[in-house]
């Protein structure tokens, strides 16, 4: 088991280093100079040069790369060009929005998808199965930003149940914060729940075809006992992979939803960072997201080992 | 001078509105803004959003703009000018303190002006202070400023947001914790969401009506509309979604404030580009454009057509729209004369704001009518600044110049539309130094006529300032002589 | 083998949109470039079947030409995915366990680790927003999908006897991959192709919604949605029609993918007989 | 932690003596007039079986005869869309009429069942103790503590004692035989009156098979449990069952007490089965004719080639021409690297082939026998140049065979292969023409299309298939026909050596007999050398001149097939021969169906 984790950790570090190199190179080639952007149209060249010096934009690429990476290891992501505050502070503010949103959406999606997927699998071929599969097909096909628009139109503007967006901050009370995240979470969760439901159904069906299910039935277990006792746990393995992938997507992929609901999340921070050429912010946040995704995959592997003894105990 | 276009110029990406706070207490207000300021130091950045939060609220200069654009005294109680107009002696108000309690006196004024004009200064409008030769402190309440040569607009320049008076002790962290002399104090800034200010108890002037105020940042037009409709925002001075104004006009809860800005929206033409160096081609472009169609299509009817680079609300404005009336046949004839009978292709670069993106599509269609094909490429501001503004690698672009009275940019040959007319440059030099109003008006008319007849650019329309506010609010500025949300006069009626 | 209902509906929807795009090359009710501010925001009627937008352009024509953009971008992105991903996957499977295989797999994980949309935004920021850059941005994220699918499929085939027999007949791994492995994973690729195609449509809509997809004057569904967003209260139909088009197109492709998977999968086929 | 070795139970005593005749105990379960159709297609028709308490009934039949579905009908575990008529009466109750909850109370409690594939029959993520105890808990026969105690007892009873097999072990830590023992334990946890065993030992090695069959026997004897044993192997049934039922195409065609089934002239199909299982093709001597009855599910030759083959004289054994040595293997060693233990230490190595040497002459037929995992397939792949050797050398007609970098085409033309799995040996997307002509890739000068068609047609005819078969796809042929096509493919280049890796193992008895005849005939015609790899002694005895017995990578014994099998010298060979179930010789003598006169 330990050796399994050590090798996973090793490959994790390798991919992180590779990721940092790729990100740094992409950022280097972006046209547009942050200093010029900040000083506006008629700033004369020497002021722009002074600001570039001040922001540490000069110096060769390699030394900047190492200072950035070593800084990151110690948690210092450098200071944002436009906000002139440590990037880590900016990121932690935004993380307070993106992380709860991702977890909220994931809980909604999983809580909805697993039971629905199981019911569809157990009642394979019946009308309920066809119905569920139909709605999940629709769920996958709906672009989440369009769904968000419709939600705002219905709940915020006409019914006035929810605010049209924005985020009051957690200090305004946990419930207030949650309420603000509800519509965005629902618009993120619906397509993800559809995907997860379909995968749960096919994973369960695949498991139900296995021999040990027949052995269990031969022992006298009813269909329900067999599913709960034997099928579920085995079907959980592929389902968990998808949940891991979805969480990673929710953390980083909510850029558009954050736009529609104007939430101060990581996605929009990157977006603003790119438009304002606040490149140190973009570099650090993208690196953070890649780190989150890689960690989530690692946790999924650990969970695998916990569930599947074949990985845990080497024969 | 030109700044990044003001808030009212941008349709752009999503911003932030706070959740509806409890039934809006009558002594507080939530102002909607489209762009979040990168930082809160007006002397350190060019972004219009900085001034829209701090100007007249947190920071004050020697003089300041009033609602109608005129200049009136602020920290300088009064001043007198020497005979040759080069020495200004400002008498400061007594008993003025910064928010941190330290007194504000001549030393602070000298520090602020010297810092702005210093060699390594990062002040975006360094040119404002270029004319200053020396700043000397006569006594704690008197400052004498000597100019290299007379400047009729010096007191106006001192009213700019970039010329506010700061203290040496607190300028260090002004970017995130601004300390000024204004009627409001900075309390909190939740990055990406809002800035909160509250009333300064020991303000030197008469106290303001509001207890506190919050600036919410929402750049997405639909989000802005939803926030206003849902009551999350009390007033949105630079409201971006002009197409929804009709609904606010029809709703008794709201009042729509239409004013004008200093933003001349033009089809900038690269006069040095080989196709466009021929005046007949530029004239043909000017005549191909139907200004009213662009105003209706892109700005939904808000905006006044202009024939030259001057703000219509300015008394010296000359209506020259006749010179470039919409006349497609004339355009085709001119193009034929210029040897482009079978048409030509030009590159049209568009910055992010919706006036540019939507206006660009309409202009492209109108030019296509007369045989001019355009390749549209939409750029981010950073790319636009580098490719169009600095490297002049473009044919046509659409941008709104929002600085007050900035016709002097036509006197600078290295400016991005590369117009070099010695006659205009000498006239401009005279205009700059004449103080007498009659003479200035005549000169202004001549200047406007020259650039109109030279068809330097396609002059489209003056950007309107479309604001929406709760019916119960009054004291908001109608026009925007400078980038500001001056809350000093704002109060709830009931 | 009787085709299933999902296969039929999927095929009908997909063919409908493909023909829509095809026809748009020859004829559209109104020319799409022509703006006429005078007739803006007309409700659907006899003249303008689906009404006009804020520039007075006919929504129906915009949808037809928009279909061409969306389908074009999505198909080319899938093409990139298959063109580069499949050979990589086959090669990785051919020398399974070698360093090359390891590098391919690590590379795949790395690309999967990147947040797709953010990278797409970065790419378009670097090279400027355009349909070609959208194709590149979406295509890049198709490569690991197809590499992984084809490697998985090929690995299971390499252990089969007929591949050993081909080796006994003196064929080397490249020829075996082309003659024996590729034809037998073709079904797999076809099904995954339709799924990635539908994801491509959604990605293109997302990109052009934030203004990074195809640029004006070429119409695209995503940008129609973005433009309609501000007028959603005055003319909701402007937002509804492009949204519906996206949903139906993606639904059609997914149903087609599911139908093909059941139709072609021998295991299911045997069950059905 | 290496896999726990097989437990050593006392050497199995061959059932030489006939079991003492049991008092005719009461009738436990009777299947009468049973018809089964699954979504319309008829599967079973008028099946009748009588299972007596404490006795063993063997149900034998070829694949597709419906024997498994009969068992599943008794257990009530039929797939959806199944419709049954008739009755399955047990203790006065008709099981078919019971509703699902009632049937659940019977399954595992009064009737237990074990299945063919032990490797996948247990839930991989739950411990073996847990899965055995579950049977008790489900039926409420014991609380948690008691269930675990009884589970421990049952595991001991099936030969998985405490120290080596704690309750918290997982299925993947056990071998195939041990897992089948766990399945038996969980099936008999509640001492059911009847245990149904569906091909319990087909997937196991010969020696493991013997241990499992003995375990089942002792369970029946000690606990008085009845056993319904389903298999396709006549010898297994003969050595175990009290009564035997023979099924074919969903019907019970023959049923009788074991000792009399073969004595009297029963159903011709039974006799045919017996003959096929004992079949020994007369190498270069007339093969016994196998009547091809119409409508028979078994092999019908496509294209009207007459089933009978012409008889040719010539005695195989005596007049072997002393041809030059075709294949010589000296000191072959093949290692596989296992998972790396430490990060930097060299990975441990498993030696699959350990210093094997032998030679094979042209036209000779050499058998390679041994249990799975003894390295016989690895050796075969090394000979074919598909895998490199770590040491030693292989030469074909004098030129060395080296897998790395690649075997020269000229050398490859002389050796071809036939694999075991008829369904995996062909690319489903190619026509037979392209499949059979694939070896032509080795020719220096590519043949013209017409030449290829001609050679392929000739090759198909020589294996008893019609030339127009080349236009068809492989899924249009049965298992036996596919093996014929595989042989045609191997034959098309006129190789000197043909390697047959378990070529007939997955074929039904009667079809296997025809293929063995075909191979014998082809060897005669084309002076082919065969390297015949199999785990089945009866096949080896039937086809090979000399045999090599392998165990864990080494040759333990080699020599003339008859002498090795009649009087084995090495104890392992003796163990192999004894473990293989055999139909008692005296049964065969009485019926006059003994091995045909030499």
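Every chain is named by a letter (A, B, C and D) in the order it is written, and numbering of its residues begins at 1.
Here, contacts are C-beta pairs under 8 Å (C-beta built on N, C-alpha and C of every residue); 3 or more make two chains touch, one makes a residue touch a chain.
Just so we're clear, the structure is a prediction, and the values are computed from it rather than from any experiment.
Counting C-beta pairs in contact, the chain pair with the largest number is A-B. Ranked by how far their CA centres sit from the centre of subunit B, the chains are topped by D. If each chain is reduced to the centroid of its CA atoms, subunit B and subunit C end up 45 Å from each other. Averaging Cα coordinates per chain places subunit A and subunit D 52 Å apart. Remark: subunit A and subunit B have CA centroids separated by 40 Å (rounded to whole angstrom).
If you average the Cα atoms of subunit B and of subunit D, the two centres end up 89 Å apart. For subunit A, residues that reach two or more other chains under the stated contact definition are 31, 149, 157, 259, 271, 274-275.
Counting partner chains per residue, subunit C has residues 125, 210, 229, 232-233 touching two or more of them.
For subunit B, the set of residues touching two or more other chains reads 13, 222, 352, 380, 383.
Per the contact rule defined earlier, chains pair up in contact as A-B, A-C, A-D, B-C, C-D.
Here subunit A touches subunit C in the complex through residues 11, 14-15, 18-19, 22, 26-27, 29-31, 137-138, 140-143, 145-146, 149-150, 153, 157, 245, 248-249, 251-253, 255-256, 259, 267, 270-271, 274-275, 282, 286, 289-290, 293-294, 297, going by the rule given at the top. In the complex of the two chains, the subunit A residues touching subunit B come out as 31-34, 36-44, 47, 50-51, 54, 82-85, 90, 93-94, 149, 152, 156-157, 160, 163-169, 172, 176, 179-180, 258-262, 264, 268-269, 271-272, 274-277. Interface residues of subunit B facing subunit C in the complex, by the touch rule stated above, are 11, 13, 221-222, 225, 241, 243-244, 246-247, 293, 296-297, 352, 357-358, 360-362, 364-365, 368, 376-380, 383. Of all residues in subunit A, those touching subunit D in their complex are 6, 210-212, 214-222, 225, 229-230, 233-234, 307-310, 313-315.
Remark: subunit C residues 33-35, 37, 40, 54-56, 125, 128-130, 210-211, 215-217, 229-234 touch subunit B in the complex.
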